[in-house]
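After this come two complexes, each holding chain A, first together with chain B and then together with chain C.
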Partner chain A sequence: MSGSRDAAVAPEAAGAGESEASDAGESLTNDLGEPETDDATAAEVSDAAAAEPTETPTDREHRREVATDRWLGIAGAALSLVGLGVLVRQSSLVLAGAVGVGYAVYARAGEAPTATLAVTRSVSDAAPEPGDEVRVTVRAENVGERALPDLRLVDGVPPGLAVVDGPARVATALRPGTAVTFEYTVRGARGDHDWEPLTAITRDAAGARERVSDLDAPTAIACTPELSAGGDLPLRGLTTVHHGRVSTDVGGAGVEFHATREYRRGDPLKRVDWNRRARTGELSTVELREERSATVVLLVDARESAYVAADPDAETAVEASVAAAGQAFSALLDGGDRVGVAALSPLDCWLAPGSGTVHAARGRETLATDPALAPTPSDERFYRSLWLRRFRRRLPADAQVLFFTPLVDDTAATLARRIDAHGHLVTVLSPDPTATGTAGERLVALERRQRLRTLRSAGIRALEWGDDSFPVAVAAATRRWSR
Partner chain B sequence: MRPVAIAGVAAVAVGLLAALDRGIAAAISPTSAVVTLLGVLGLVQGVRYANARRDRRRLLTEPGEPERRAPAAVPGSALDERIAQVASPAPGGYRSRRDLRDRVREATVEVVARDRNCAREAAAEAIDDGTWTDDPAAAAFFDTRTAYPVRVRVVAGVRGRSNYWYGLRAAIDEIERIDGGEP
Partner chain C sequence: MTDDDALVDFHEADARPPTAAVVASLAAAGVASTAGAVAGPAGGALLGVAALAFLVGSFRRSSRVLGWGAAVGVGGLALAGYRGAPAEALLVAAVGLTVAWDIADHGVGLGEQVGRGARVRRNVAVHAGASLLVGALAAALVYGVTLAVGGGQPVAALALLLAGGIALISALR
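Take a look at the complex of A and B:
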């Protein structure tokens, strides 16, 4: 595909000379309603033909061609003037009407040209950290035979990224062989972000006809946050047979006192209760609480209903859940537990529980870039029973589940109870995305609080955090929870 | 329409010929009344065509706002849209009103049962007979036999909203107050 060559991601920073283009583009974008281009357009257009050989046009998909109705009624106005001139016997009015007829012909004469452009897009950093600013440079060269008297280019910024500097669009006119460059800056956010096709809108000189095309110039950035351990979450008493840090109700070797029992042949001498032997003459053995490791699956609710926030521009509950799951992932791995990742999503996402540095890297990759945990919801439909059947089949028998969900619908609460009922102890960790402005928002917040209460009364641990950070909420909840 | 179009084309053709050949123009020699009539016709038709622009928006492509991150939904915004639909005092939307009332009632039963430490059935009874609250508007929202207070009806009438809308808001205010906000 010709477009893929043009759209190769160049990690170098954009040249200083091209920065003027974005400023010019900004001033032009404000005039998008008017098709006239001004002198600033000429300043940003470079004569590409002299500098580089003619490029292959980028693959283009025609979307629509319409009459804009810009000159609608001009013929009527002209006829009115002529009629009025005849009526009042004024030849000057008839002549003025003739001018209007000229405009009507002008409006019908043109045709919206095809956007035969070679588009390249480069980013200053293809693998930024969350919050980093990434400079995006787009260059479009007219490689066709015809001039484009009125061209508007609107870049397809990924929906998960926000532009923080400059508009991602430009309006200009391009002769054959000339090019336009514009720049803007996006702020990095977790996930794989693919640019959507650039939209090119071309009009004839009169602005009476318009043609819209999509120009495909694939570009992507991957933003993988570092995982930092936070929120030393106390796990529930479902453990593996291996040693770890979760205290159990099983007596044996450990640190914390559990019980005493009659001495049996073979018990280690250091666990014999010598005080009791001295007092009563009987031999007894002290049992300590065994500490074992656990198998934990971090389940993140990423259904469409979980992409909610108290403010339309705020981070969604899925982002909060993934960030908290990342902290729990690191903390649990550091504690010697086996940790896996799954998503409650129409798209499949499963990382089997494991441990070790390779597994830590896999977990980081899954949480950052798995399509099921993308920054924007999937269009696929979610089938609850199918998902639950597949999840149960994969879940190890001794695994407990940390379920990250905003709990804004009954499905999440029902699933938590069903998973818990199947013997996999569930802890619900819920970022609070509710607002309290309108009647509907208050009712939904109330229903969510009731779901939390219902879960707690069913014996499921539930923790919520809103303005507090996740580790602070965990620390507060840990004091409340018993083992 | 076809005869009119033929007549129009013929008139234009005669006009062009008259412009080229003075003899034809002299032969037609329209009277002053005919010229005035043509002027009026041109003016009326011109105004009629120009009028087509009125109320017509230009069909320019709206590229949207790709610079903005895809906005997140706010929990409850869909519910607010449904509430806005029933805010009008116009009759209708019975099913929508009933569904909304059932949903608020469900939440209210939970809140009242928890507040009074009683069974859900007892809470449902208290809601049905209006004894769950001191707010008459909130009580009337669930108890259809009780009329809304005069104050609510007057305010609703003046502001052009339905009694139902005021009752719904009063009920949500009341259950929020009873609930206390602690999970």
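Take a look at the complex of A and C:
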């Protein structure tokens, strides 16, 4: 704390030093160029004006000016002391009352000054990794004519970032030309984060009037996590016609045995079952499971209800879903499948299925920074039927859906069944955000388990993962699943 | 909450008034109580109650409690003055009481808007300094005027002088 305080004092000292230096320079030039004093001073002034481009005040939006009513009643108290003094003939009471009147005048005299500040904000790292600590330094210089006897600054930290050290606020007093610097640390979280305007609250010396304004100093950081490849994700048997790695129920060329059938002219000789020919004399052909590629859309539940966590400091189900979707994205893309990204969110988010390195980069960008998948929920309203109509229109006919949802309400389960019913095979992947502390928490956990059971009985694959990692849960579940 | 807790569990919104404001307010209230005790024991006791109310109001973040404390303090001033306290002690008590209330209330506002963890010392110092300066100037002015016009004037004359001053100020504004 003391270090940051020193840092805050330093710019003021530096400012004072600068002004002294410029004074000295002025006197020096005046001494040297005495014959043409007027021109020299004119040049001096214009130089000074040109040399201070940073001193333009930051754009501000005036929000409100109010009377704080702090001193309400001071005049009444003062005059009643005077009145009592007159009644009981005590001059000391009149004098004490007169002091009160002095304060009443003081309270009425002031006017809340305008926050004419030049604000600069700098971050130590504009592209941090998730979990990295980013040092934010805010400097506000009073570039106005008037002193600010009471200035409070509250920085507009993006809602998705947590302040982990030092409040993003300061209260101080600034003479014209002086500056205040304060620092704080935020922890990087996935996504694009824009700083909101800095709120400046100024009061007059007595604190009787208050003016609130917003100072716009745009700053942004982008935090894009690397996608780590997860384990192989078993897909369901809805595939494209292209060659790939998903075993299908279609007989043809492949690796795994599927069936035998009667020989037809033109079947390749190496697929003829020669053992059977030797045994019975009939020609038959072995069919193998065709391996094809799939089109997969990763659907992440990012409605407001999905922003849940087991405890206040834990990562939300949306964060867990996005991390798992990132692993699935790179795993599927490596397997030759076409992968897209969509969000179940009031905001529109759609990355059409595709493949290739460019698509991989685009998917990483979408998962990391799309506003629909932001670390904090949006304020918009979610309309289920509108969303479903748009989603179905975009979804390719042969696409299957990996639906990442915490399943904390019935809407998610209903949507999964409806998408499945429309022929897009759905696999529900559910991070477990429930806790077991209180009776209510246990009830919610029970309801969620019931939803999973209903989904499974409706023929939808569902897997959940809690404390163990997503790939572990996938590996454990894959053993259970038939194709 | 101890410092260790604060380190383990950092919350930005600690809305309690900053320590500097609470300490400055208590110091001013202490001066007011001492001056009140010199002026008269009963008035001094009421000013002590006011100091206690400022402390409680600071901890409960309540301007209302601070307001009641100030009202009790004014009552203490009135009682001390009624019992015939010397003008000097009463003036010091009045200025001390007002400054103590002003800083405590300022601290509550600061706690709401920037919180306890923020750097506020300069702000509190400027506010307290301005408040003290105004009080000192007002006290010096009225005391000087009383000395100048001589002690023997009737009280009503003083009050009329004050009324004239107020009228003059409001006309000038």
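Keep in mind that, in the parts below, the second predicted complex is superposed on the first by the 408 of 483 C-alpha atoms of A that agree within 3 Å, B and C clash if a C-alpha of one lies under 4 Å from a C-alpha of the other, contacts with A are read in each partner's own complex, and residues count from 1 in each chain.
In the analysis below, a contact is a pair of C-beta atoms (placed from the backbone, for glycine too) under 8 Å apart; a residue touches a chain by one contact, two chains touch by 3 or more.
Quick caveat, the model's predicted, so the values are computed rather than measured.
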Next item on the list: Pick one for A:442: touches chain B only (first), chain C only (second), both, or neither.
Entry: first
Check: Does the superposition put A:311 against chain B (first), chain C (second), both, or neither?
Finding: first
Next item on the list: Report for A:82: first if it touches chain B alone, second if chain C alone, otherwise both or neither.
Entry: both
Checklist line | Partner chain(s) touched by A:173 [first = chain B, second = chain C, both, neither] | finding: second
Checklist line | Partner chain(s) touched by A:214 [first = chain B, second = chain C, both, neither] | finding: neither
Next item on the list: Would you sort A:101 into first (chain B), second (chain C), both or neither based on which partner it touches?
Entry: second
Check: Taking the superposition as given, does A:93 touch the first partner, chain B, the second, chain C, both, or neither?
Finding: second
Next item on the list: Name the contact category of A:155: first (chain B only), second (chain C only), both, or neither.
Entry: first
Check: Of the partners chain B and chain C, which touch A:182 in the superposed model: first, second, both, neither?
Finding: second
Next item on the list: Please determine whether it is chain B or chain C that touches the greater number of chain A residues.
Entry: B
Check: Residues on chain A in contact with chain B in one complex and with chain C in the other?
Finding: 68, 70, 73, 77, 80-86, 88, 152, 154, 163, 167-169, 201
Next item on the list: Note which residues of chain A are touching chain B in the complex, please.
Entry: 33, 64, 66-70, 72-73, 75-88, 152, 154-157, 159-163, 167-169, 184, 189, 196, 199, 201, 210, 212, 307-316, 375-376, 406, 408, 433-435, 438-450, 452-453, 464
Notebook entry, point to check: Which bits of chain B are touching chain A when the two form their complex?
Noted result: 35-36, 38-53, 56-61, 63-64, 66-83, 103-104, 107, 110-111, 114, 168-169, 172, 175-176, 179, 181-183
Next item on the list: Can you check the complex and tell me which residues of chain A touch chain C?
Entry: 1, 4-5, 8, 68, 70, 73-74, 77, 80-86, 88-103, 105-106, 108-109, 149-154, 163-173, 182, 201, 205-207
Check: Mind pulling up the chain C residues that touch chain A in the complex?
Finding: 10, 12, 14, 63, 67, 70-71, 74, 77-78, 81-82, 84-87, 90-91, 93-95, 98, 102, 105-106, 109-110, 113-115, 117-120, 122-127, 130-131, 134-135, 137-139, 141-143, 146, 153-156, 158-159, 162, 165-166, 169, 173
